[in-house]
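Take a look at the following structure, please.
By written order: A, B, C and D. Residues from 1 in each chain.
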Amino acid sequence: MEHFALWLGGFLTLGIFSFLYKDNPWYKLTEAIYVGISAGYFVVVYFWDNFYSKFWIGVFPHKRLNEAGELIAGVEPDYWLIVGGVLGLLMLMRLLPKVGWISRWPLAFIVGATAGLWLINYFASFVMVQIQNTVTPLFGADYSASLFVIVGNIVVAVGTFTGLIYFFFSKEHRGAFGGAARVGIFFLMITFGASFGYTVMSRMSLLIGRIDFLFGDWLGMIK
Amino acid sequence: MPSHPTTSRPSHPAMLLILFTFFLLPCIVLAQTEVGQTNIEGTPIVPDSEQIVAAPVTSLIAADHKYDDGEMIELSWVPSIDDQLVDGKVIGYKVYRLEDDGEPQMITELAPGSNAYNDQSVERGKLYSYFVSALSSNAETPSVRTAPIEPQREWLNYELLNVLIMALVLGGAVIYFIETARRGKKLFVRKIAGLEAVDEAIGRATEMGRPILFIPGILDMDDVQTLAALTILGRIARIIADYDTKIFMPVSRSLVMTAGRETIKASYQAAGRPDAYSDDMVTYITDEQFGYVAAVDGIMVRERPATVFLLGAFFAESLILAETGNSVGAIQIAGTARPAQLPFFIAACDFTLIGEELFAASAYLSGEPKQMGSLKGQDVGKAIAMAAILIGILTVTIGDSWDVEWIQNITTGLTEIFSTK
Amino acid sequence: MFVIQYFIPHFPFNRMSHWFSDWFAIILACAIVLGALNLMKISIQKVIKKKPGWGYAVVIIVSFLLITVIGLSEGEGFREPGTWFDWLYVYVYTPCSSTMFAILGFFVASASYRAFRARNFEATLLLLAAFFVMIGRVPVGDIISGFMPEGARLSNLASWIMTFPQTAGQRAIMIGIALGIVSTSLRVILGIERAHLAGE
Amino acid sequence: MSTKAKEILALAMIFAFSLIFYIGKVLGWEAVRFSTTVSLIVILLVALSLLWILILTIRGRLVERRIVFLYVGIAVALPLFMTLSQKITISPEVEAVYNTLEELPEGSKVLVSFDYDPPSAPELQPMAEAFLYYCFEHDLKVIMMGLWPQGPMQANLAIEKVLSDEKIKSKNLKYGEDYVNLGFQAGYEFVIQRMGSDFRSMFPTDYRGTPYEQIPLVKNVKNFSNIDYCFNLSSGFPGTREWVQIAVDRYGVTLGAGNTAVQAPQMYPFMRAGQLVGLLGGMVGAAEFEFLTKWIGKGTKFMISQSFAHVIVIAFIIIGNVAFFRSKRKTGLKR
């Protein structure tokens, strides 16, 4: 079984890599297996994790016994979950063409709740904290910073400031304002360059990991 | 009845009122907190002469933890004078609790050097008093007992008051500009390059007789980027319905599928063409990131869309999608708020909406004054941020370098305003 | 309501986000049924009409049914090592997803070869930043710049780029995004933005 | 020979190659290794062929995508067999993670959240192993959990690996007392939020099904205030960003993180802001951390391949730009 499993892994891995050469039946077969398995995987996971563990166990909790066989208190059924169940049921109404429109309700609930929930979280940690932390003494406390850091601090201040100018919607990018916005773009570009560099790094690491599987785990050429 | 997506609702003043009531009322209703004092004598255990006795801890204070739902009591004390690193007699502390004047129960054991403990196993409506014993190798010395204290629940987290005020200022600015715009005042909003091209991109697909592909990212409806993408979809689908072009939207989340269908349907109805809509425009593939990408790639190669919209939350798949779209010669308009994926969109797509521009897009495309107003509100937020950064850096630098006190005070004030702790 | 709960630690507000998370999870579990049925419908149509590539559609259906039946029949502990579901996950699903992820390594190289050109000043900046980060982050960078004094080598430059200009850009983007989200959320809450719902 | 025949031949060769080496593995052959000389010769050959491509490009012949693919494959695969020494420079953000760990007294409780799945494991698994190794070596108590369904499985893999180390084995660590795996919990960022008030409500049992209150290590852990240090290994959503927003901003947790390289740049503002105490970025971060903790694992081993791959990508960017400037001069047109 172990041999078969390793060969299956090798077969699927090479099947996907073969796409680099061109689209071919080997790849298509692998892709079909992949799509089917992954769709099914999520159905199963959602069923057990969300529906069963959350809803079913929440509303009808197991009777938990301790070692002496006595009932442990503290696992009360949570009837609020039924609201979720009803919303889910409304979602399934989609299947019946006549009452399909009712699925808008759970959707509206999700959209509204999402909007409300994120509003304040993003505001607090993305705006407030970031502003607070851009405010640092340029020369470090008591002139302790090195030249590297001083230049850096100035760069952070200027970069954040001009970057925000770029996102300003109320004013056309012209004249001095346009100039500042352009500096802002430069900073954005450096940011993108840096994250591009890191992305290359990341992808290569994953590729290395995969190649290691092929030559190491599968063929045993690397120990 | 389905309504036009841009119908106005005359209820905003009412909404405002509700918002403010909910925000402000709790501010006014002040919460009371009580601090228990150490005033009742404990009964010291008289030790045998052979025992090593450590001095008891002093100044034991039990206080309610503020700004919670009455779930925690904070204990603090000054460690025993025999609690020293070298030759210390104290080997630890035991914290005891008396519930409603019942029997003392040990609730925890702490290492030497401890001077505080948070008791989180308390319930509202009960009275608790505490004492702490200093442990030596063979004896226990209890401290005096605290006065009974009840954990309190508070109505408002005052530590977050500044966040509330800032949020109100920003929310107020957005609402103010929306109101201003509604009264018919013209507001200027600069051009956003990617969005100017939307009409042209749709027109091109119509001319070429090829479909338009819309990818709303791979996150579910609980992400604001997906919301933004769907609102943009609403505008785009409206134009598409007018042009009578085909749109195809493969998605990776079942909820997005449902929402996408609703959106397109609404737009087609608004354009007066409900007959041209079909559910097949939106299909679900799989939740799995790369399974989805593999399938979308196939669709791109087979259908050869003339225009591809990649708007929403993208992860690693951004590159594969943008590259494949590029290779089939489609005009691509992309936008995401995920900085890691933006470089690839910038490289491989014709137009890219960067970060905030994605959220501004639906307002901008709608061309409605009200929506434009909300963009103005965002600008106010940015202006405040910029001003705070500018003033903050200047004052903190000057204040620190030359020790000017009043300037330092400004800095402290600013920092407090923007603190979230 | 969720705005309020951030500030008020009191029942029922402190429970609200819990409820939302639970309800959302339950709705998701129901919604995926819709999605899966949709996928099956399309695949079955393909097979019945014998469209090109219908053989692969059969594979999709078979593998979907296989894992679903196994997963549902194995009960609550379906994820534990030793179950058939776990076997499928480890030996079929994992190699596929890992390889799809790894294939990006190739794509990233060809994309940089094809698309990253010093077209103008902005593009050049992007390229340079990418260059220094890429070379400075691996040991080879310090081998090349080994002649420089300690502290001024490529790895230090890469760190400097990451810590300063990069942070500035990220920060501007972050603040912008957050404001955009606040404003979008407000539009939704106030009911100005209702493109996603077909009327009420 | 037709293309079809060539393809079939190539397939057959791949199959034969795999079969031979697989049988070899079963029979217990030695690993293939290049000596330093051979390695240098290989590097030289690759460099020469790259130069040749550059010359071709200057003369106006663009290489196609598949050649790029081939080079990437070579750059990644061959160094795995090489023996070369390398110097690893420690970046400040990695050092910060290590220093915070060093300050923790013995017996401190460390919460590690495994928020990734096997596809990201090449980057994050080495970090996880090195981190656990450090914790076990210095007698820190480790509580593990996952916001991704596959996270806890990765945790188990890492533990297995670390526990097999001689030094750690001799410590005789006990499950439930020295470390515990609470398992996966669905609900994304809400899990963190709820853990803020009560761990037990989110993890009624550990992954083995033992009730929370019966596990000695965690029975007194009510919420984040009983945790001395949090570490998060993340490859996307939910991940470090959510931990920062909720655990750090709301509950004041001390948080360090290990991220995939893709995510890492976005975490720098959090780090400068002090919301994160340190950051391991990608496999390079893992290698540096391995160096600090003296747990030499795959991160270090893969570093040569990593260097090579970067050089190849840069080489092709240069080649692409040469082609671009050449065509621009000729036609005088911008694309």
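Rule of thumb we're sticking to: contacts are C-beta pairs under 8 Å (C-beta built on N, C-alpha and C of every residue); 3 or more make two chains touch, one makes a residue touch a chain.
Bear in mind that the values here come from a model prediction, so they are computed numbers and not experimental data.
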Of A-C and A-B, pair with higher C-beta contact tally: A-C
Per-chain Cα centre nearest the global Cα centre, belonging to chain: A
Rounded Å distance between chain C and chain D, as computed from the means of their C-alpha atoms: 17
Separation of chain A from chain C, taking each centre as the mean of its C-alpha atoms, in whole Å: 4
Euclidean distance of C-alpha centroids - chain B vs chain C, Å: 18
Numbers and ranges of chain A residues touching at least 2 other chains: 20, 31, 34-35, 38-39, 41-42, 45, 49-50, 53-54, 91, 94, 104, 107, 110-111, 113-115, 118-125, 127, 129-132, 134, 156-157, 160, 164, 167, 188, 191-196, 198-201, 203-204, 206-207, 209-211
Touching two or more other chains - residue numbers and ranges from chain D: 69, 72-73, 76, 119-121, 149, 186, 188, 197, 249, 262, 265-266, 269, 272, 282, 284, 306, 309-310, 313
Multi-chain contact residues (two or more partners), chain B: 163, 167, 170, 222, 224, 227, 255, 258-259, 262, 285-288, 290-291, 294, 316, 339-340, 343-344, 346, 354-356, 360, 375, 378, 381-382, 385, 420
Graph class of chain-chain contacts, one of line, ring, star, complete, other: complete
Footprint of chain C on chain D - complex, ascending: 65, 68-69, 71-73, 76, 86-89, 91-93, 117-121, 149, 153, 186-188, 190-191, 193-194, 197, 265-266, 268-269, 272, 282, 284, 303, 306-314, 316-317, 319-321, 324-325, 334-335
Chain B to chain A touching residues, read off their complex: 163, 166-167, 170, 187-192, 221-224, 227, 255, 258-259, 262, 285-288, 290-291, 294-295, 298, 301, 316, 339-340, 342-344, 346, 354-357, 360, 375-376, 378-379, 381-382, 385-386, 388-390, 392-393, 396-397, 400-401, 411, 414-415, 418-420
Contact set on chain B toward chain C in their complex: 1-3, 5, 7-9, 11-12, 15, 22-23, 26, 67-69, 153-157, 160, 163-164, 167, 170-171, 174-175, 178, 220, 222, 224, 227-228, 230-231, 233-235, 253-255, 257-259, 262-263, 265-267, 269, 283-291, 293-294, 316, 319-320, 323, 326, 337, 339, 343-344, 346-348, 354-356, 358-360, 362-363, 370-371, 374-375, 377-378, 381-382, 385
Residue numbers on chain A that touch chain B, as the complex places them: 23, 31, 34-35, 38-39, 41-42, 91, 94, 103-104, 107, 110-111, 113-115, 118-120, 122-125, 127-129, 131-132, 134-139, 141-143, 157, 160-161, 164-165, 167-173, 188, 191-193, 195-196, 198-199, 203
Chain B partner contacts - residues on chain C that touch it in the complex: 3-4, 6-11, 14, 24, 27-28, 31-36, 38-39, 42, 96-97, 100-101, 104, 107-108, 110-112, 115-116, 126, 130, 169-170, 173, 175-177, 179-188, 190-200
